[in-house]
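For clarity, chains are labelled A, B, C and D in written order, and residue numbers in each chain start from 1.
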């Protein structure tokens, strides 16, 4: 089968699966999304684009934005970054305060909420206009300048951010947040509110598949050494409390968001994004996990 | 020995103890207190007042205020209060978020910070002018209308309240805080900032020794049934992670504060307050614990 | 109402309560007990015996035996005992390994399983014939020499002791168990298997109500100082994760067992035992808790 | 640089590093090992063997044996295996009981002690002669039939196995251990006591680099699908609480043991083993981590 046939096969197989997951409902704007949205976009280094379904419709990227934020922070700082956030997988759910308290305000990794809040704090200290610069970075790696936040999601999320405010206050009590809590929270939620399509996400993640270079003009965005490290962190920490399961079943570095998106990369081969809003009990897209497992099985390719 | 001889004996014995504790230093205003302040005031139902040392100097009552707040809440509400805060001792340190997260935002008891913040939230919902009413209540049970907050402590504490803000945000994410976080925090810190002397505290706590009645005019402030319950909570939860040790060594219901004060009651007999700022590793006055242990040993009286 | 009238009233009130608890079923022998067994025996220092129901039928005392074991250990050792077991209430369920691991093998108190296993280990090191000596001690304080273990319960319990074996192995890895694990486990289960009636238990606990003296011949079994300390530990730690609730509702030091028994003392006044097998979700006799709450309410007496 | 030059460079660089780690001392036999032992063996699919130092001296493989045990279990069972052990990284240290208690006796992954004990229990149920069959499997994948246990390590380890006995008893209380505890413990310790050299380990791990086939005769030992899954588990769980750090710095699936060995594979390229006894605070070979980080840096190859 060629790639398009494989994607057709995945679409066909999964259309008959009766998913049991629920769309994220902790904020009203996300709860409104239709559960049967389903799209996938595969972007191969050597052979271009393959896709099906709602792959050009934008959705809330949510935690997928944490990869972009980490990338910006790593392009500005070197290993000193990891004095303020660790790179270990977290045995606890993504927003747990328990670990943070036992480990004196140092989050386990940049992809749990606490870690992403520290990364946001770091970016605020380093960037002139954090929101604008963040959006510009996404424009730069996608080549698409009309990507923006969904303002309704942004406002909705602002009203339900007590737990993230708790994380920020706890870390501030340990001295690991330098800026004003409201400012950090606002910037963090801004990042989560960005809307992108599967097609745009697979283009953005191409830099992680392509040794740090944009594919469309071969521009080096991040050193290949740093790209490898980001991929390693995605591999061990990209799926909250299901990182091992994703590694076991799919075998690729990747990152999910509660908007129902998952992006993964096969270094040297491709970047792929899938979107299906219903989430499994661990908070990852139920069909998205299936689709990516079938992709690596049917292509016979995996990093392992 | 009569009571004054017993107090003299305690003063004499403890003056030779080399304490190893440190004065609370988490806020600058508390760190300034001289460590060798030491006073004790015993107020007996049948035989009046006994004391030594700095017993009429006011100090920051801090967590001792949690008993007054609980008393006000219990005078306004019945057992429904305990749907929002439990009455079990906490195995964790007094400001732990771990327990709160595992138990869905319901604090273990009203004397850990989280529980006192819920009590503050409840009082804000029930009282017209929470701060004024709270101060009035203390004036009422002491008969002393010039007791007030220490404004420097109040402001100092406001600047170092990230951990309490974390507790509030976490509980709000579980729906267990109804009012604005800033308002609750402000009222809570106000209570902690009240300054009272050992003499005033032993008079205030007389209501718990005297079945809910003020001793000076026999006015019933709280029902004897509710007084018993507050004493029971003090017995099991009054000393953070050292409640068992205090019960074991002293054998009286009581409450400590990081300002170095401890107040205890022997129902039907007396209320007693002691003040010495250096704290043991569990956060309770080191000499205060000793003094009260010697008191129950030398009087031969204990509730057990 | 006199005491017998109060007990009759309690019996009458509780006979109409529809209990929802379940008889302990973790070992087959306990699961066989009829759930409607119900008896109570009040033994007053000044006015003798009052009772109702199945108060002379023996049942498995289970964890109530931990008080006798602690008493024997305290009569043989002084405060050095508390280097190996603490006196703080435990926020976790009675057989939790979590706390033990965080606190390096030192159990929180002698009334959780881990603590009682350490006490058993200590007694094995100090006594010539631990089982015989333990039974003799119970004969001595009750004046009743035919009290013995229930051999079926003993054997049944031996087959279901993996969790206690886990606790022992964990504490041995920290160096806090000195004897052979099988020996300690065997002696511990022996203690739990003793069968006594409410009448016998209230006589046995009279030493804690009566300053350490047997009531029937005024013999001093334990110093009054040590009795006070045992009562203090019962007050803060006697009811697993419900110590605060029992203190709040009943206001007396006491100890429960999963056989459905609860014994409590009012120092200087009485010892009281109640038996009803169905347990509430925290593992304490559901009707037993009610009965004792009514007793302190109707008598108007409490240590607080 | 060719591979031998790279290994020479690593040896030269690391000889000047002042390591601060300590040799494992929890059992006397391991504590006797000389800390300056240091060897490395790289086995490439296409270009043969490269090595330096003590690469043919056998040492205690300890937890590296867990990979062989998992491989045997996966060759006998399919996904049903993962009902009894999960595949998620563990945030807690390798022998923690905490996680096990919260998650009802299901270990987080097969490479923490609890998980390996469950795997041992499964193998005992499935194999006729577990010890003999286990050793045979190692003989089979190395082609070397004189590999055996170190009997002194075996006996030494048997005397210090209280914590593993605690894990077994706890899991048995949850029903997740089917065989006798002593039998499981004995088999588990047997596996840990096997002694192998870096050269032998790199040959054994070649099956994970070579799609499940022995390199020397192209015999398929395990399906390539199952090999990918074992590699995925090594990637996320192979280094206790340092899996993320290893993934970040080295970027290969691998497994360490407290004997000071680390083995890693680059699928399709090579298997590599390194041995240096001093361990870093997380329990992994300090120099071993460095050596492998340098290897992937100097070769410029990584799965990411």
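Definition applied: contacts are C-beta pairs under 8 Å (C-beta built on N, C-alpha and C of every residue); 3 or more make two chains touch, one makes a residue touch a chain.
A quick note: this is a predicted structure, and the numbers were derived from the prediction, not measured.
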Query - Interface sides of chain C and chain D: same vs different residues, half threshold - result: same
Query raised in the report: What is the chain whose Cα centre is as far as it gets from that of chain D?
Result: B
**Report entry** Intercentroid distance (Cα basis), chain D paired with chain C, Å
**Finding:** 48
Query raised in the report: Which integer distance in Å separates the CA centroid of chain A from that of chain C?
Result: 55
Report task. Please report how many Å separate the Cα centroid of chain B from that of chain C, as a whole number. Result -> 32
Query raised in the report: Tell me, which residues of chain D touch at least two other chains?
Result: none
Report summary line: The residues of chain A that touch chain B in their complex are 96-98, 101-102, 162-163, 165-170, 172-173, 181
Report summary line: Listed in rising order, chain A residues that touch chain D in their complex are 86-92, 99, 108-109, 227-229, 231-233, 235-237, 241-245, 247-248, 251, 253, 267, 302-304
